[in-house]
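Below: the structure, in structure tokens.
For clarity, chains are labelled A, B, C, D and E in written order, and residue numbers in each chain start from 1.
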Amino acid sequence: MGPEFLAVLQILSLALLAAGVLFYVAGSVGLLRFPDAPSRLHALTKADNVGLGLVSLAAAIYWGEPAIAAKIALVWLFAIISSGMTAQLLARAAPVADGSGSPAEYERESGT
Amino acid sequence: MNALVPLLLMFLPLIAAVISFALPERLAVWRNAFNILFAFVKLLLIGYLLREVEAGRSVEWRYEFLPGHDFLLRVDSLALLFVTLSVFLWLITTIYAIAYFGRGPNLARFFGFFNLCVLAATGVAISGTAITFFLFYELLTLATWPLIVHRGDEKSLRAGRIYLTYTLAGSAALLAGILWLKALVGPIEFTVPPDLGEVSPIALTLIFILCVGGLGVKAALVPFHGWLPEAMAAPAPVSALLHAVAVVKAGAFGIVRIIYDVYGVDTVAALNLGLPLAALASVTILYGSLRALMQSDLKRRLAYSTVSQVSYIILGASLVGPYAVIGGLVHLVHQGVMKITLFMCAGALANRMGIKTIADINGAGRSMPVTMFAFTIAALGMIGFPPLAGFISKWYLGTGGLQSGAPWVVAVLAASSLLNAAYFLPLIFRAWLLPRTAGTTVREFASAEDWMLVLPAAVTAALCVAVGVMAAWAFSPLGWATRIAETGYLQ
Amino acid sequence: MSPLDLLVATPLGFMLAALAFGGQGRWLILVASPLMMSLAVWLVFLPPDAAHVVGGWDLPLGILLRGDGVARVFVLGAALCAALVGLQALYEFSPQSGGPSARNRGFWPLFYLMWAGANAGFLTTDLFNLYVALEMVSLAGVGLSALGSLQAALRYFLFALMGSLAYLLGVALLFANYGTVDITLLARTAEADAATLMALAVMTGGLLVKSALFPLHGWLPPAHAAAPAPASALLSAIVVKLGFVILMRLWFEAFATLAAPIAVGLLGALGAAAVIYGSIQAMRQRQLKALVAYSTVAQVGYLFVAFPLVAAAPSAAWSGMTLHAVAHMLAKAAMFLAAGLMLKAAPGRDIADLVGLARVMPVTVTAFALAAISLMGLPPSGGFAAKFMLLDAALDQGAYIYAAVLLGGGLMAAVYLFRPIAVAFSGAHGRAVALKAPLAAVAPLALAMCAIALGFFGVAFAELAAIGAPWAQGDAIGGVP
Amino acid sequence: MLVEGGHVFAVTGAVLAGLGFYSFLVKRHPIRQLLAANVVGAGVFLMLGGLGRSPGGADPFAQALVITGIVIAVALSALGAAMVVRLAACGDKDEAPLGEKREGP
Amino acid sequence: MSAAFDILLCLMILATAGIALFVRGAFAAIAFFIAFGNLLGLAWLALGAVNVALAEIAVGAGVTGVALILACSRLFELGDNLADVRTPLASRLGSAALCLGFTVMLAGVVLTIPPGDRLSKVVAPLLPGLGIENPVTGVLLAFRGYDTLLETFVLLGALVAAWSLTPDASRRLPPTTMVMTDPTSRIVAEAFTRLLAPAALIIAAYLVWVGSDLPGGAFQAGAVLAGALVVATLGGVVVLPRLDSLAARIALMVGPLTFLAIGLAGAALGGRFLAYPDGLEKTLIVTIEYALAISIAAGLALLAIGPPQPMPNNARADAR
């Protein structure tokens, strides 16, 4: 594992980091620009999760030890699950931009 | 053993009070018996004390009450004079009160506080240090207030309010005076007069004004006498107790203590405070008699007469002459005896015949001869009719005034005697010589308990005469007062 | 096994027991009162230099528990108060007395929490531990006043919260500056630099809120007036005192050397203003418990009037100040309990409704009157002895204004305290109905009698309060030489 | 001048305390005041932590104080929130001092 | 370089705090307050205080945030629109001047105090005696064990005070049932809980165990468990018991009881109150920590959710 290999890893993690930040920015822009809650949720959950993935990958590479990498992966996993759950709940409750003030009508599963 | 007697003198009324508070109304007979028994035991204790003090043995009990301040109970000759008067008259007033009330509501409470008053009065008499005196002086206020508001109607509550306003303000002034003096010369013990040498005269004068002002409230000196006539709303035994024995005398006794035991006669003279005080006392004497003249209500007239009579004592104390001192001290006893008779008679008349105003008294002599006879003796004594009690004290006060170079004192005494005559003689005249006016119902000696109501007045009336006639006897109040004056204050 | 620890551990144990027993938890007081009283008495008779570090960890890391004079006196007073208030609460919060059961169940754990917090606060010399004790007491105080009126409790809660944060800010500054939060260490190393002065100022501000001194007293009257009688008795007697004791420790021990006379004078002035304001407000109240609550505001004023007197002549005024605090603790608890009972019997909550109560319930009215005598500072009560000592010290130092405030305060107290007593004595037959449980009046009477009895043991009290007092160790207090 | 690391956080803490105290005075609704109190608390703790910073890491004693402080702060805030809701739910109308009057005649 | 990060972080903290304090909407305020809490956690990390960072995020931002949000939602339903009534300008300016002065003075004073650790050199040599390496746990559980003991009782007291507010009417009700009203949302929450709960349990147990050597400890673990409990009640998986039910009371009291019992045992065995007999320190500390974790979890969860209320949604939840 020559020094130049390490340098490549450094560059790679920096690149991943930049990509991750890019996705975060996209998510934030989406948050600001989109008209109503569900669409904003869409922007946020999608962009930020990917951004988080890239950043954690960059961190994993930067640290290099497998134990830390595993922990970071675990963090990412929980983040994904919780953002998914919150997005679901928010979407159901948030009023749609059409001014009706009532939550979006999604098809209802029968028999729950 | 001697140290325990003053303590016992304190605890007896306390136990009597607790018993009175505790016993329910249906055991009233037991309560009355206990009260009389305890009063009688106190009298025996006084007898023992008389023998002890006569034999020159000191009787005192000391306990460090606050850091640097002692709680001292000491029975000296001056204290004994006041204690004997108050304990004896207390026994009589207890009997009178039992008869007067019979079966009323709240009597347990009445007799409880009645005994606490005894405790406070005896405490005032035998206190050895200024702090002890103040403690009992204040306790006296607290113990007498419930007696004034005993009936609980609006009039007595108002009287209670006025009484508190005057007395609490007065005691605040007294406390300030005592503590200020303590700050300058250290804790004050009565028979160990502090050396006021290096203390600035202005401070001493201010302290004197504070203390005498504070005590003057209870002694009903002119500007502070307002509460006394109002306190007439209280039942008769209370008025008798307040005027003849407890509250009023405590104030006068306090002034005597301040002048003789704290300042010393010569310091008072040096600060030339004696004369202004004498002048104030004289103004009170005249003002009291004048206002008494204008009263239509019997008890209010007696109240104003007390305002003027108590100032005789203060007049005596403030003059330098030896006879004036003796006159003042002996009047302490004589006024007590006479005034208590007047009030008990007035109470009996009101209780039995509903006599409230001067006009009602017409023809009372025929209906209640014994009471009216006692009333007449006491009234004559107040006027200063020889050989009764009043005459002796006025005589000594007059000669004392001349000795101390204040001839106007005699004029004041003469004028006040005239005024006394002006407001007492019509009463006697109406009672004996005028026919009874309609509207008064009387039970002529209907039941046995009447003798309990009338006997006390008769006894005290007899005392008025005895004190006057046997003045020369060594153990008479005059003899005792002379001995106090000679040993205590005239070196 | 030393009372210094047990005095805090036992009430905590009883709190857990009360929580465990739930409904029947109220009978625990019959065990707790005697036990705690004996611990308090045991503390009083410990050797003068009784002190030890909790868990054996030495300063500056550990916490020093010290049984000095102030601690013994206040712990004994608090034990007496809490024990008797507890007995009264046994009657007040019993199921047959009505009121929601959540309230009955909630009272006891909070009662023991307050007791433990007060004892912890009196015994420790560690500032952060004092913060936790303050929180325990304030929390219990808020909980108890919430049993009465929620509006007042919320207002008290917000005031107390801000007070604690201010106090905490001061502790943080001191720790950052000196590396210790222990009073005894601070007393040796404190010097008047910016951080210390700022810390002292901020902590004093917080503690003035806690002890309800005049401008910052807004939360006290509504909370005390609306709470049920045992709760307001505890609030007035114990909660207000802990803040004051901490201030005593700060100003006369930790920062004795840099307590400038102007600052102490300011506290004295605030105290005087509190006495006057509290008394005037009390005179204007129509409701009995509001009157008693405002009298607390006035009496707290007295304690701070004593500050400049102690700063100038510590040995003279120290016992006066402590005696006044303890006498007020006992008398105010008695008065609130008696007032609670009287209002149960009276048709309404106003003073005018107390007509004829003296005849209907003589024991309770006597307790109220005895407590009033002590609060007015009339002999032979403890209040009188305290006022006498303070007046003595004030006149010795020539502080005539403070002497006038002490005397005037006593007179004003007489005005507003005699009013309810006079109405109770008025004989016109009021619609009062006798209480079913005459035994309930035993607690206030016992407390009032203790307040009166204090008057006779002035000297013993002074010696006890002077044990380990900061000025007793030779260094003069305050900037005044 | 390079302000030492700890001072940055300490000053932030101080500013937080000031801001929180201002908001506590200005905002009238109890929930907002509760929030302000929490910010003041956080500020004080940050100040304590900042001043405890050293090359070897934060001072454990300060950390312990802060943790204890945080738990007490959360306990009080939750109690405050519960009281506000309870006050809004039932108001003070049925809160006539329960201890005073027995229900019924 | 890290100084720049610190300053940036502090600016963000001040910004979020400012918005949280002065924004008009109540929910926005609390949202920013939670963000402020998380940023504070980062600040504590920057200061190297990992224990405090955990506590700040889990307890400071987490539990307080949940409690405030729940309180606000209930206030909305009760019709209190949390409107921000404008205080008069005069008093606003006055308090602004007061607070500005106060802040400037405080900042000035803070700058005069040189940062540096105070007692870590005192703590370090004593740690081996206890058999634990994490100094914070050492201070919390041993050297300042008395503070921590009293503090757990404060938590318990706060809960009792909150629960003693419940009027009799809603005595029978469990703590305000928090179940999602919309069925599908409830399924989502339930699924999430089923996934999260075991992980939270393991993490909490790990946190307590590791607390004696690495950053962690009872309070942080308790907060994690409390979070899991709150989410569980959201999903309807768990119905939190009433305070007067035995289960709740045991869970709440186990922590303080064990701490007090061990403290008294130390005193009884000839030592002193809260003195751990040597040799047993680590085991005793860990047992206390586990007991505390349980009590803190139950306590914080019940506190965050608040006492039973005669609430509309309570009624509705029961109606179905």
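Throughout what follows, contacts are C-beta pairs under 8 Å (C-beta built on N, C-alpha and C of every residue); 3 or more make two chains touch, one makes a residue touch a chain.
None of the values given here were measured: they were computed from a predicted structure.
Where touching is counted per the definition, the chains common to chain D and chain E are C.
Closest chain to the protein centre (all Cα atoms averaged), using per-chain Cα means: C.
For chain C, the chain with the farthest CA centroid is A.
Inter-chain spacing, taken between the CA centroids of chain C and chain D, is 25 Å.
Distance between chain A and chain E, defined via averaged C-alpha coordinates, is recorded as 27 Å. Remark: chain A and chain B have CA centroids separated by 98 Å (rounded to whole angstrom). Once the centre of each chain is set as its mean CA position, chain B and chain C turn out to be 43 Å apart. Counting partner chains per residue, chain C shows two or more touched chains at residues 61, 100, 103, 128, 132, 135, 139, 142-143, 146-147, 150, 169, 175-176. Across the assembly, chains come into contact as A-E, B-C, C-D, C-E, D-E.
Listing the residues of chain E that touch chain D in their complex gives 2-3, 6-7, 10, 13-14, 17-18, 20-22, 26, 29-30, 33, 36-37, 40, 43-44, 46-49, 51-52, 55-56, 59-60, 63-64, 67-68, 70-72, 74-75, 78-80, 82-85, 87, 91-92, 95-96, 98-100, 102-103, 106-107, 110-111, 113-120, 123, 135-136, 138-140, 144, 147-148, 151, 154-155, 157-159, 161-162, 165-167, 217, 219, 296, 299-300, 303-304, 306-307, 309-311.
By the touch rule above, chain C contacts chain D in their complex via residues 61, 92, 97-100, 103, 128, 132, 135, 139, 142-143, 146-151, 153-154, 157-158, 161-162, 165, 168-169, 171-172, 175-176, 226-231, 289, 340, 343-344, 349. By the touch criterion stated above, chain A contacts chain E in their complex at residues 78, 81-82, 85, 88-89, 92-93, 103, 106, 108-109, 112.
Partner chain E is touched in their complex by these residues of chain C: 1-2, 5-6, 8-9, 12-13, 15-16, 19-20, 22, 52, 54-57, 60-63, 100-103, 105-107, 109-110, 113, 116-117, 120, 128-129, 132-133, 135-136, 139-140, 142-143, 146-147, 150, 169, 173, 175-177, 179-180, 193-195, 198. Residues of chain D that touch chain C in their complex: 10, 17, 21, 24, 30, 33-34, 37, 40-41, 44-45, 47-48, 51-52, 61-62, 65, 68-69, 72, 75-76, 79-80, 83-84, 86-87, 90, 92, 95, 97-103.
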